[in-house]
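Chains: A, B, C, D, E and F, in written order; residue numbering restarts at 1 for each.
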Amino acid sequence: MHKPGTAGVVVQNIERADQTIIDGLAQCGVATVHEAQGRKGLLADYMTPIYPGARIAGSAVTILAPPCDNWMIHVAIEQLHPGDVLLLGTMAPSNAGYFGDLLATSAMHRGCKGLIIDAGVRDVKDLTEMGFPVWSKAVHAQGTIKETLGSVNVPVVCADGLVNPGDIVVADDDGVCIVRREEAASVLEKANAREANEGGKRARFEAGELGLDIYNMRERLAEKGLKYV
Amino acid sequence: MHKPGTAGVVVQNIERADQTIIDGLAQCGVATVHEAQGRKGLLADYMTPIYPGARIAGSAVTILAPPCDNWMIHVAIEQLHPGDVLLLGTMAPSNAGYFGDLLATSAMHRGCKGLIIDAGVRDVKDLTEMGFPVWSKAVHAQGTIKETLGSVNVPVVCADGLVNPGDIVVADDDGVCIVRREEAASVLEKANAREANEGGKRARFEAGELGLDIYNMRERLAEKGLKYV
Amino acid sequence: MHKPGTAGVVVQNIERADQTIIDGLAQCGVATVHEAQGRKGLLADYMTPIYPGARIAGSAVTILAPPCDNWMIHVAIEQLHPGDVLLLGTMAPSNAGYFGDLLATSAMHRGCKGLIIDAGVRDVKDLTEMGFPVWSKAVHAQGTIKETLGSVNVPVVCADGLVNPGDIVVADDDGVCIVRREEAASVLEKANAREANEGGKRARFEAGELGLDIYNMRERLAEKGLKYV
Amino acid sequence: MHKPGTAGVVVQNIERADQTIIDGLAQCGVATVHEAQGRKGLLADYMTPIYPGARIAGSAVTILAPPCDNWMIHVAIEQLHPGDVLLLGTMAPSNAGYFGDLLATSAMHRGCKGLIIDAGVRDVKDLTEMGFPVWSKAVHAQGTIKETLGSVNVPVVCADGLVNPGDIVVADDDGVCIVRREEAASVLEKANAREANEGGKRARFEAGELGLDIYNMRERLAEKGLKYV
Amino acid sequence: MHKPGTAGVVVQNIERADQTIIDGLAQCGVATVHEAQGRKGLLADYMTPIYPGARIAGSAVTILAPPCDNWMIHVAIEQLHPGDVLLLGTMAPSNAGYFGDLLATSAMHRGCKGLIIDAGVRDVKDLTEMGFPVWSKAVHAQGTIKETLGSVNVPVVCADGLVNPGDIVVADDDGVCIVRREEAASVLEKANAREANEGGKRARFEAGELGLDIYNMRERLAEKGLKYV
Amino acid sequence: MHKPGTAGVVVQNIERADQTIIDGLAQCGVATVHEAQGRKGLLADYMTPIYPGARIAGSAVTILAPPCDNWMIHVAIEQLHPGDVLLLGTMAPSNAGYFGDLLATSAMHRGCKGLIIDAGVRDVKDLTEMGFPVWSKAVHAQGTIKETLGSVNVPVVCADGLVNPGDIVVADDDGVCIVRREEAASVLEKANAREANEGGKRARFEAGELGLDIYNMRERLAEKGLKYV
């Protein structure tokens, strides 16, 4: 993994998007937000939720962590504002269990909405009961150490995506999508428009109309040479 | 992935097995059907259900789709008869999200029982709430395009299996098994016989008899040289 | 996979740890036990439970099985004492479905608490309904044969771990951890101490204290050169 | 893996394409043939050659083999004509070492040009010295047994592709491509045309012309909105 | 994959490091450069060379490409200066064969030293004979299309690393390492110092001294509790 | 990975097999030795050589190493006798680059024949030029630290195999096979017998006889029901 920025830095004041925008993005969900911003921002599909049904959005407090070393998570928790989401990328691949129920207790007390971690997590039964959602690369109890510095609130690469501190993280059962903070308002607008449009289409699909007709596909398919036999 | 047949063809009239046979196979489930037909027909074990508990069977309406292009699903939905199952193989590997809640709404209106897709699916929370089961290689929100023709109701390779249109798809928490349409009646017969036989054995196991005795294994194990120490 | 010991042997009398120790380890769970014994004993993170929520511990009745051949499971079931856990390693990699509902019925009748299998399992819907937990490498219906001898109650390599017969298997949603039988009492003691200690910390985290302060991290972080900007 | 056809059958007389066509396809290589037939027929990219530099084509003598059982290869070798290629798919995934130097000695004596195997191979140092090329999923010394029937010269699924006996296998450092026997002549014609066309383009590229100009891309890129800044 | 920046942009004037610095980094190689810059900058270990023995460095001309679409490579080639390295990241995962011998001919004419591609490459036999080195995720002949815009010379995520246009790419048999353009001079200085230091150590190792003594490890090992038995 | 034995121990005096036995096993190679000892002892097929053509055997000096920490290799090198092979297993999965040209220089000076490492290696170009063969899980330049104790010459799990110090490691292009020290003489005898037997068969295969006849397979195939059509 690549380390953008320098290890050993904690950026304390990051800009965050407006809370109503963040809440709006949460309501739209990953697939809609991803489409609304031109099909960008998705993290890799190996990032799976530890339990089904959660849907969150929040400002990213980013963590750049050494392999098998979770020290920086303690540092990052102090930087959390209510509504934030922790997001951790590593300096080299690791599936160790960086995060468990004690850290979740601490993060929840600060109002943290969840964790995105390109590594492992443990105590998933407890986390499920606490209702603290995590999207991770692995579930693994392997312990970590506290020896080497990383950074907090620097840009990080996480599961194939570049995430800046303060970017909006949207996560649900479909995975994780990142929205640039400065594009958040316009993305929400497009996502809402898309939702409205989809509502209308859903009614037509429910009534039995076909996508072939709703989207006027028949002519173009024929032009491309589709043959019915 | 290999394209048997030619791209750009929609076969409209396919033969289907008798509905009572299909329903019988659904009741037997994947493991029993797989065994009953001589341990053939299983798709790869990376095909997993988006939610647990579903058990379906239906005639395959097959889709051969280009990578990252879901156009042919719209074409295929028009070909669905009540009770059918959509099954999609790709012309090159893809984990993009070909299918979501709008397509599911449309497919359900036509009586479709579920989707088998050697690629990605999205809106899984909605699909779960709608009760539309999907077995897929990935959950991924990545959008697809509508640019290139594939085919509908031609033979396709899907998750290591060859599937002809009209073959019976059986799917449950154990995975997906394909039954040739022309063998369906005889497979059901053998599967039912197997179920009956297993019922008797289950009672003996419940009563505490050992497989070593139920199946008369002790002598053959001794002949092979098994030593108790 | 390596075969420690010779194929074709069933060891009938193995030593087991005290039941109260085993029950104590079950209560602590995988992450705590793993930490308590110096971060050793974890099996690979591809070993996942077929349903969430189970937490078990038991003495390992070990099975060394040929690829695609489940014969030795029948032999092993006869060796089960109430409270034991079946654990299967293979002589060469396999994802076939070695175990299903009939074998589970038999194992449950002998008081078996669950199965750890570095291969595939099937009938997972039935196993879930029966409440028989399995941690496996794969869910796959692929049938197995009964042709070649393996061994029972010899040391086996399972999912990157070495397991001796009578070692204690602890398994929950975080995975599987092995405790040497002869170390079980001392590991339980340390695990209980850790639990007590964590209880106190949890209360402090719930009250809003930070790990930075609870663990006195600030000074050492500063020494390492952490900079707040 | 799915078993098309019935196990236990050896088809002795298969049709083969004309040798001059096969030789022509060998000369074109995988990438060109794949393009010439409309981008179909490629096997999965995990099929890699055991040594670099080989480029072959030949009629497929297909083998459908049980997992970990290489018996059918002996049966298939008797069916080889000079210039043929052995191609093996399995009834369930296996990385065992089905093939080594003795079988290669036998196959070479019959004029076999190489092996495509969706499983493992061994003795690769000897095979390299003998100049017998193999494209395989794995290199693994794991021994196989001779217990269960498969079939020879039936359609098989191999590395995501469907292969009929007598189809032409083209293989080189880029992988493996299958050409339908009945399409071979027309595919060769298109491949040769493509080669000729590429030769002209290569000269222009060598002279420093850009693809942007050779293919007249600038206008269409501008229409799509490409901006130079 | 995440798209930093906007699709549809070609940045024409990028800053490049001094050629003597780039040449110096090439001579040091990946492992030394990675260490010299504090163990950052390595791309994922799945990036492997198509042939052994190449060692290059150059300024990155970056390409952000849609899945299965190689149009932007043609655009990027026009932006190459002698000594540059092409580096391609995708907007969604793809193993298609984006690059072959014609594009290599064109790139070599512009003085390009090689390609780093988080996707597939083809014509590897030709590329090897031409001496055009490529580090890729896959070798695959699968054709690509020219339909959708990406960008050239914007920041891209490639194989877990963030790469800015003009960053220095160092690649050899150990993989690929990225050096920030603005840090290149200081990294080279540290790398050269490291090389000099290693030269001295190599002589001592060759003379039979042990690392235990060269690095004075014995005391610290004893303090940690290492026991010789 | 499981840690058999306790961390922090170096066993100095291990028993080794007779050198003539070891040399004999080297000459037989992996596939023959694996067969001769009843198809056991193979390590996982992801263990690949960094260059083709090497064939070695030697007594294992085993290393149990923490993830991302290569300190114990320095300790192990002091324990090497001429003709030994270093073999490293990790306490948790790691693909970091534990070993490079300086350590190889030191190991070669002690007469070490090669390295088997269930982790990463770097400087592979130098190692190739030095003729120091390595079989590894990964090639990766990622640096390691020297912070945590492991052990030397204790039993380790490496790539799915259990290896005791002093066991014989046989490695070639087919992978790696472990022979128990106490079984080495009898395994060599069987391997030599097998070689002699194969020599005779090779001559018959070269003369054109078929395996069907050499092994008298035709009758048994017919009994199993094989049909020629």
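In this section, a residue touches a chain if its C-beta (ideal position, glycine included) is under 8 Å from a C-beta of that chain, and two chains touch if they have at least 3 such contacts.
These numbers come from a predicted model, not from an experiment.
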{"item": "Rotational angle, Cα trace of chain D fitted to chain E, multiple of 5°", "value": "120"}
{"item": "Separation of mean Cα positions, chain F and chain B [Å, integer]", "value": "41"}
{"item": "Rounded Å distance between chain E and chain F, as computed from the means of their C-alpha atoms", "value": "31"}
{"item": "Between chain B and chain E, centroid-to-centroid distance (C-alpha), Å", "value": "43"}
{"item": "Touching two or more other chains - residue numbers and ranges from chain D", "value": "39, 42, 92-93, 95, 142, 148"}
{"item": "Pairwise chain contacts, counting only pairs that touch as defined", "value": "A-B, A-C, A-E, A-F, B-C, B-D, B-E, C-D, C-F, D-E, D-F, E-F"}
{"item": "Chain D-touching residues of chain F, taken from the complex the two chains share", "value": "29-31, 34-35, 39, 42, 45, 48, 52-53, 55, 172-175, 177, 198, 201-202, 205-208, 210-212, 215, 217, 221, 224-229"}
{"item": "Footprint of chain B on chain C - complex, ascending", "value": "8-12, 51, 71, 74-75, 77-78, 95, 97, 100-103, 105-106, 109, 120, 122-125, 128, 138-143, 146, 148-149"}
{"item": "Chain E contact footprint on chain A (complex, rising order)", "value": "1-4, 7, 38-44, 91-93, 155, 157, 160-163, 178"}
{"item": "In the complex with chain F, residue positions of chain A that touch it", "value": "67-68, 92-96, 142, 145, 147-148"}
